[in-house]
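Here come two complexes built around subunit A, the first alongside subunit B, the second alongside subunit C.
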Partner chain A sequence: MPQYSVLGQRLPRVDGPVKATGKANYADDLVLPGMLYAKLKRSPHAHAKILSIDTSEAERLPGVRGIVVGADFGKFRYGLRPDTRDEYPMALDKARFVGEEVAAVAAIDEDIAQEAVELIKVEYEVLPAVTDPEAALREGAPQIHADKPGNISIHMHTEFGDVDAAFKDADYVREDRFYSQSVLHGFMEPNSLVASWEPPNRITVWASKQSPYFLYRNLANCFDVPLSNVRVVQPYIGGGYGGKNGSYALDFAAVMLSKKTGRPVKLTLTQEEVLTAQRRRHPMIVWLKTGVKKDGTLLACECRIIADGGAGTAIGPTTIANAFYFMNLPYVVPNVRFDGKRVYTNRPVSVAQRGNGIQQIRYAADVQIDMIAEDLGIDPVEIRRRNSAYTGYTTPNGMKVTSCGLQESIDEALKAVDWEKEFRSWPEKAEEPTGRIAKGVGIACNSFCSGVRLRGHNCCSAVIKVHEDGTVSLMTGSTDSGQGSETVLAMIVAEVLGTRIEDVVVPQTDSTVTPVDPGSFGSRVSSTAGNAVRIAAEDARRQLVAVAAELLEAKPEDIELRDRKVFVKGAPDKSMRFRDLARLTVAHGAGTTVIGSGSWGQEIDPVDFEKGIGNLAGSYTFGTQAAWVEVDTETGKVNVTRMVVAHDCGFALNPLAVEGQHEGSIGGGVGHTIYEHCVEDDGQTLSSNFTSYAMPTVGDMPEMISYSIETLDPVGAFGAKESGEGTQVSTIPAIVNAIHNAIGVWMTDLPITPEKVLKALDEQKAKDRVLSEVR
Partner chain B sequence: MRLTKFEHLEPKSLVEACAILAEHGDKARIIAGGTDILVRMKQRLVEPQFVVDIKRIDGIAEIKSDGAELRIGALVALSDVQKSAAVREQAPALAEAAAAVGATQLQNMGTIGGNICLETRCWYYNQTYTWRQGREACLKAGGSICYMAKASKRCYALYSGDTAPALLALGARVRLVSASGERTIGLEELFVDDGKKPTILNPGELIAEVIVPVAANGQRSTYLKFRRREAIDFPIVGVAAALGEENGVCSKAAIAVTGVGSAPFVAKDSENALLGKKVSQETIAEAAEAAFKQAKPVSDMEVSPAYRKRLVRVLVKDALTKVAGLA
Partner chain C sequence: MKRIIELNVNGVVHEVVVEPQRTLLEVLRETLGYTGTKKACDSGDCGACTVIIDGRAVLSCLTLAVEAQGKNIETIEGMATGDRLHPIQQAFLDKGAIQCGYCTPGLVLSAKALLDENPKPSREEVKKAIGGNLCRCTGYVKILDAIEAAGEQAN
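Moving on to the complex of A and B:
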């Protein structure tokens, strides 16, 4: 392992104190002189033609300053790709889901705005709605978008190898259906922004966005202003998890209201609006067919998915592509076929959520591999080891594994679990009498993209400014939505310049000042922005070293920067303070202000949404997870008591931050597996608050133990790969496999509620009875 | 979510409070801890013109014990109920139930009187004003349909208070006061199985105190709550059981269930299955089966009626096993 003085240390987050003391300003904390407050009018219908909108009474309400409706935006539509631009800023001709935004009001306070919203009269012609993706595919189903026949939002069909021949050669083939339900991002800070239009054509928004640049481009296009006139400033973000990537109705509405009224406008959603009408994870039906040799060697996988896309496409193409790409890792599968349909329904729009499309399919695949192992009498660890990807492996579709610590992660997880002692397969346990509480242990492996290659803006950039007292500003476009990247990027700067983390300031992202960046998603920041920051810091270092060499009369290659000091190799008497060097760079001779800059992007082909050919990401992470569960066989309640994560993150830039990411992933995964689901009736969401939408509490979380496997990836910054999403992928199958190990049933329909567990146990008992009668 | 305009009144005595309530009738609502009513006011489920804050009233915020009875003032916070040594010793089921309500913050605010009077709840009813605009008003909100049981003429909102079953199993009474006088009734008489109005409290009447007979020697009690998560959630099913044994046979058995209907219910047949018999796994199973038969849950978004019924059997069995010391 390389020796670093800052990197690799367990440093607390730089934004910790300001957040813990309540001093951090989030979008809703901001107040501008003359600012108005806006509220949205939403459709009560899942599918309805808008016949008329009467705002006259609302306009007359004292305190109301402006009202906007869909028609104010003309025919502007937006979306990820030209062919998927299917969303209007606000509903134009019809509403396509319950809660779709139909009008917005700005008033001198929130209460008046809300009162005005209630005075707006919208006349609808209610249309038949479809809220089930399989029903939406049937002939005669209501058509949600006129230009998208059959309600197909995305259809990806691809094949590598000869799947049919491989199934013929297989000793054993198994096919199963899995379902992953509708879950929410669950961020604590609702979507919020303050927008200010300055005539003739400047837009400034302070918005809670994990990726401000979708909004930056969308606003430029929608309002026809140059990008240099769109200023998106990033306040502190209260979590995003994929739900604060895109542009939403509230963003367009606030800017248009500001333009109309000439005043800044704040629009903050209520948590109810977020939970009932904002974005959510794609529900997915997965049919997976897998063929193996007798020894468990994987020969072929065929996967068909139907993803419920809701009423718009948004970032959906990436979700479907991700599902395909991750049929191919973490195991070696020589032949793959994929058919993925993303279907429009009259539901809120599905988008990326931590794991975007990957855990739905990896949950299916990593449970099915346990099923196959049991059917063939193979140890579940053995079958994973046998099929594990490895450093240097290229998948049939061209994904290149630059580093792979999967085997080591299995070793580490098993050691922590004391697997040899703890694990006996279900067939071994089945005949034994168990008490009421059945205990089980299960494992699952994962792989994830570390820094996806995008089709549009791909590279990350950084600018470093050295102040004359030796402190440093790091300008980056990569936002910290709570994952801790501000801390980790500051650590990289401190490492390269030989200063300390407290000497590095990372100002908030501001699109007119900080470099443009794709944003914080696809597990890009540490690996991709990290490289850009490293290059920028090295650039600054070169400039500093040149001056130091002159001042200390040494060769530049002999200059060392360490712990706020400048040394000369082999000359212990020659040294100076870093702050003096910083001062002298501007004062010595003609002087030079040290500004380092750097850009870095994955040098691979852009993601292929059509056939899935090529390398999706710069590198890939691998990991193994083990879960212990206790199942109450009388109530059906599952309690996840312990979870071990062993994750190949390449290099832990800050182990404390990595552990935090693992714990967050486990929380999200436990919620997805056992507790959370959107309760709906005819497209209306009944689980409209955090009492009814049940995210796990701290009391429901398992004991968590995490290990980092360090493989020093050649691509990622300082060998680092992602640690923010992969773990959430394998949380689900680890729990499902552990439940099977406890009670012998396969839970393939999420969430695993106590009632479903009891039903499965009943069915198992009935089957056993029939079998024993036959005998 | 803003509150509609109201006048906030602070009576200093029960007499004054009753007079105010009598004067304003249905336009007035009582507030104590506020954990239930404030949410409903924000959702505009209730829009009182007068909010009668009873927190300044003397004498109804303490727990008194005279050896035969525990008298718990309606204003006693749930956290004080669970911390009270007298309650823990003499009425453990109540201490456990108070500790099972919501979460710590809510227990600090919520009062015993308010928890008993907890409004029935429903997926379609406990929603904001704007949410409810999407569909025709339900029975509880003044309309004519029950979305939980569409063919029904009655409201099936669920009662989900935690302390009421404990108090029922302990044989508690409540002292009710109003402008026309006071009356003390068995808690069981307070409730009616109607989601729209789950208590017989008259307009202007309030609970002043709860009277719990001190457990006879050898009598034990407990409250078990089944919910999705370890905190926050209302019970899917809650069961309280009290059990006394003399000369090797059951001399007292009381079982009460919450979360199943529009009112908590006392499982009489379960009690009969135990009284006068030796408490054993067999008799407990019979008692649990009797409660299972008596429970008539309706459909709910979270669990099916059949599952809820099964849970009643499991929880009654578990509660009795625990208090009988057979676990």
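Moving on to the complex of A and C:
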């Protein structure tokens, strides 16, 4: 392993003190002089034509300053690609889901704004609604978008190799259906922004956004102002997990209200609005057919998915593409066929959530590989080892594995769980009495993209300014929504410049000052922005070294920067303080202000949404998880007691942060597997608070142990790859496989509620009875 | 009907004009500027708005401001001494218990209410004390570690 002075250390996060003391300002904490407060009027219908909106009574309410409706935005629509622009800033001609925004009011306080919202009269013609994606595909189903026949939002069909021939050659073929439910992001900070329109055409917003530059472009287009006049300032972000990437009705409404009223406007959603009408993960039905040789070698996979997209496309193309791409990893599958449909329904819009489309497919595939192993009497570890991808492997569609620690991650996880001793397959255990509490252990592997290659803007950039006292500012457009990227990027600067992390300040993203950046998604920041920061720091270092060489009368290649000091190799008597070098840089000779800059992007072809040909990301991570569960066979309650993660993150830039990512992923994954379900009735979300939408509490969490496998990836910054999402992918199958190991049933319908467990146990007993009678 | 009440926050007595239906959370954040107290669910489900009143962890979104008259209210802003973090805050920082930070003030105050009364709690007692505080980022592991470490340090 390379020796670094800053990188690789368990350093506390740079924004820790302000967050621990309550001084960190989030969007809703901000107040501007003369600021108004806004509230949204939402559709009570899942599908309805808007015949008229009467705002006259609301306008007469004392304290009301402005009202906006969909028509204020003309025909402007937005979306990821030109052909997927299917969302209006606010409902225009019709409402397409319960809770869709139809009007907004700004008033001198929130109560008045809310009262005015209730005085707005909207006349609807209720239309038949469709809230089930399979029903939405049937002939005669209500059509949600006039220009998208058949309710198809995205359709991707692709094939590599000869799938039919491979199935013919297979010794064993198995086909199963899996379902992954509707899951919410569950961030603690509700979406919020403060917007200020300054005439004639300048917009400033302080908005809680993981990726402020999506909003920056959408506001420029919607309000027809130059990008240089759109200032998106990033306050601290109270969690995002994919749910604060896009631009939403509240953003457009707040800006339009500010434009209309001439006053700054704050719009903060209630948690109920977030949980019932904001974005959510794609529910997905996955049919997976897999053919293998007798020894478990994978020959072919055929996968068909129907993803419930809700009423808009948003980033949906990436979700479907991800599902296809991750048919191909972490295992070697020589022949693959994929048919993915993303379907419009009268539900809130589905988007990315930690794992974006990859969870759903890998849950199916990594449970099915256990099913196949059991059917063929192969050890579940053995079948994974036999099919594992490896460094240098290129998938049939062209994904290039630049580093792969999957085998090592299996070794590490098995060692930690004493697998040889702990694991016996279900058929070996089946005849033994389990007692009321049945215990099981399960394993699953994952792969994830590290630094997704985007269409359009792909690269990350950084600017580094060295102050004359030796402190340093790092300007980056990459946002830290809690994952700790600000800390990791500051560590990279300190490492390259030979300073300390406390000398590096990372001002928050401000689109008029910081470089444009795609945003925090696709596990891009450490690997991609990390490289941009490295290049910018090296640029600044070169400038500093040139001056130091003159001052110390040495060759530039002999200058070393370390721990706030400047040294000359082989001349211990020649040295100076870094801060003196910084001061002299601006004063020496004609003087120069050190400003380092750098950009970096993956040098691969853009993502192919049509056929999935080529590489998806700069590199890929691999990992293995082992889960222990206890199943109460009387109540059906599943308890995950222990979880081990071994993850190939390339290089742990900050092991404390890496562990935190794994633990958070396990938390999200346990919720997805066992507890969380967005309960709906005809498009109306019933789980409207954190009591009915039950995210795991501290008492629901397993004991967790995580290990980093370091493979020093040649692409990622300093060899680093992602650690923020891959673990959530394999949490689900690890638990599902452990439940099977405990009670002998395969749970293919998430979440695994006590009712479903009891039903599965009853069915199993009934089957056993029939079998014993036949015998 | 508005009325004037006195609220003792972190040892400072504030005179404030409030309507009787205003929650302590609203008055702390909007009237007095103690925005470190976070509004997340505003319905008693998540613990982000936790403050300490007379030694007990209380949800400020379910407490009327007028009920807090004459009581000692502790918020996150009162915990550090100058630049020196309170040992619980320091432990949250050192153990990596903070990510997005939105749940942090509530968790730190739930922990303080526990440790003030029971300086060496078992892991189960810590879990019980923060059972009403939701965190979506950390999986709670490092939060438990931090509270235990702060408790040990206090002894």
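The rule we apply is simple: the second predicted complex is superposed on the first by the 775 of 775 C-alpha atoms of A that agree within 3 Å, B and C clash if a C-alpha of one lies under 4 Å from a C-alpha of the other, contacts with A are read in each partner's own complex, and residues count from 1 in each chain.
Definition applied: a contact is a pair of C-beta atoms (placed from the backbone, for glycine too) under 8 Å apart; a residue touches a chain by one contact, two chains touch by 3 or more.
Because the structure is a prediction, the values reported are computed rather than measured.
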| item | value |
| --- | --- |
| Which of subunit B and subunit C A:Q114 touches, first, second, both or neither | first |
| First (subunit B), second (subunit C), both or neither touched by A:D681 | first |
| Partner chain in contact with A:S56 - subunit B first, subunit C second, else both or neither | neither |
| Touched partner set for A:T270, first subunit B, second subunit C, both or neither | both |
| Which of subunit B and subunit C A:S5 touches, first, second, both or neither | neither |
| Contacts of A:R42 with subunit B and subunit C, given as first, second, both or neither | first |
| Contacts of A:G699 with subunit B and subunit C, given as first, second, both or neither | both |
| Partner chain(s) touched by A:G668 [first = subunit B, second = subunit C, both, neither] | second |
| Which superposed partner A:D28 touches (first subunit B, second subunit C, both, neither) | second |
| Partner touching more residues of subunit A, whether subunit B or subunit C | C |
| Interface residues of subunit A shared between complexes with subunit B and subunit C | 270, 272, 690-691, 697, 699 |
| Subunit A contact footprint on subunit B (complex, rising order) | 1-2, 123-124, 127-128, 130-131, 133-135, 147, 226, 228-234, 301-304, 307, 310-311, 314 |
| Touching residues on subunit A, where the partner in the complex is subunit C | 10, 12-13, 15-17, 19-26, 28-29, 185-190, 236-241, 270-272, 481-484, 656-657, 659-660, 662-668, 689-691, 695, 697-699, 701, 704 |
| Touching residues on subunit C, where the partner in the complex is subunit A | 29, 34-43, 45-46, 48, 75-77, 79-80, 85, 89-90, 92-94, 96, 98-105, 108, 127, 130-144 |
| Sites on subunit A touched by subunit B in the complex | 42, 44-45, 98, 110-111, 114, 118, 270, 272, 276, 634-635, 637, 675, 679, 681, 684, 686, 688, 690-692, 694, 696-697, 699-700, 753-755, 758 |
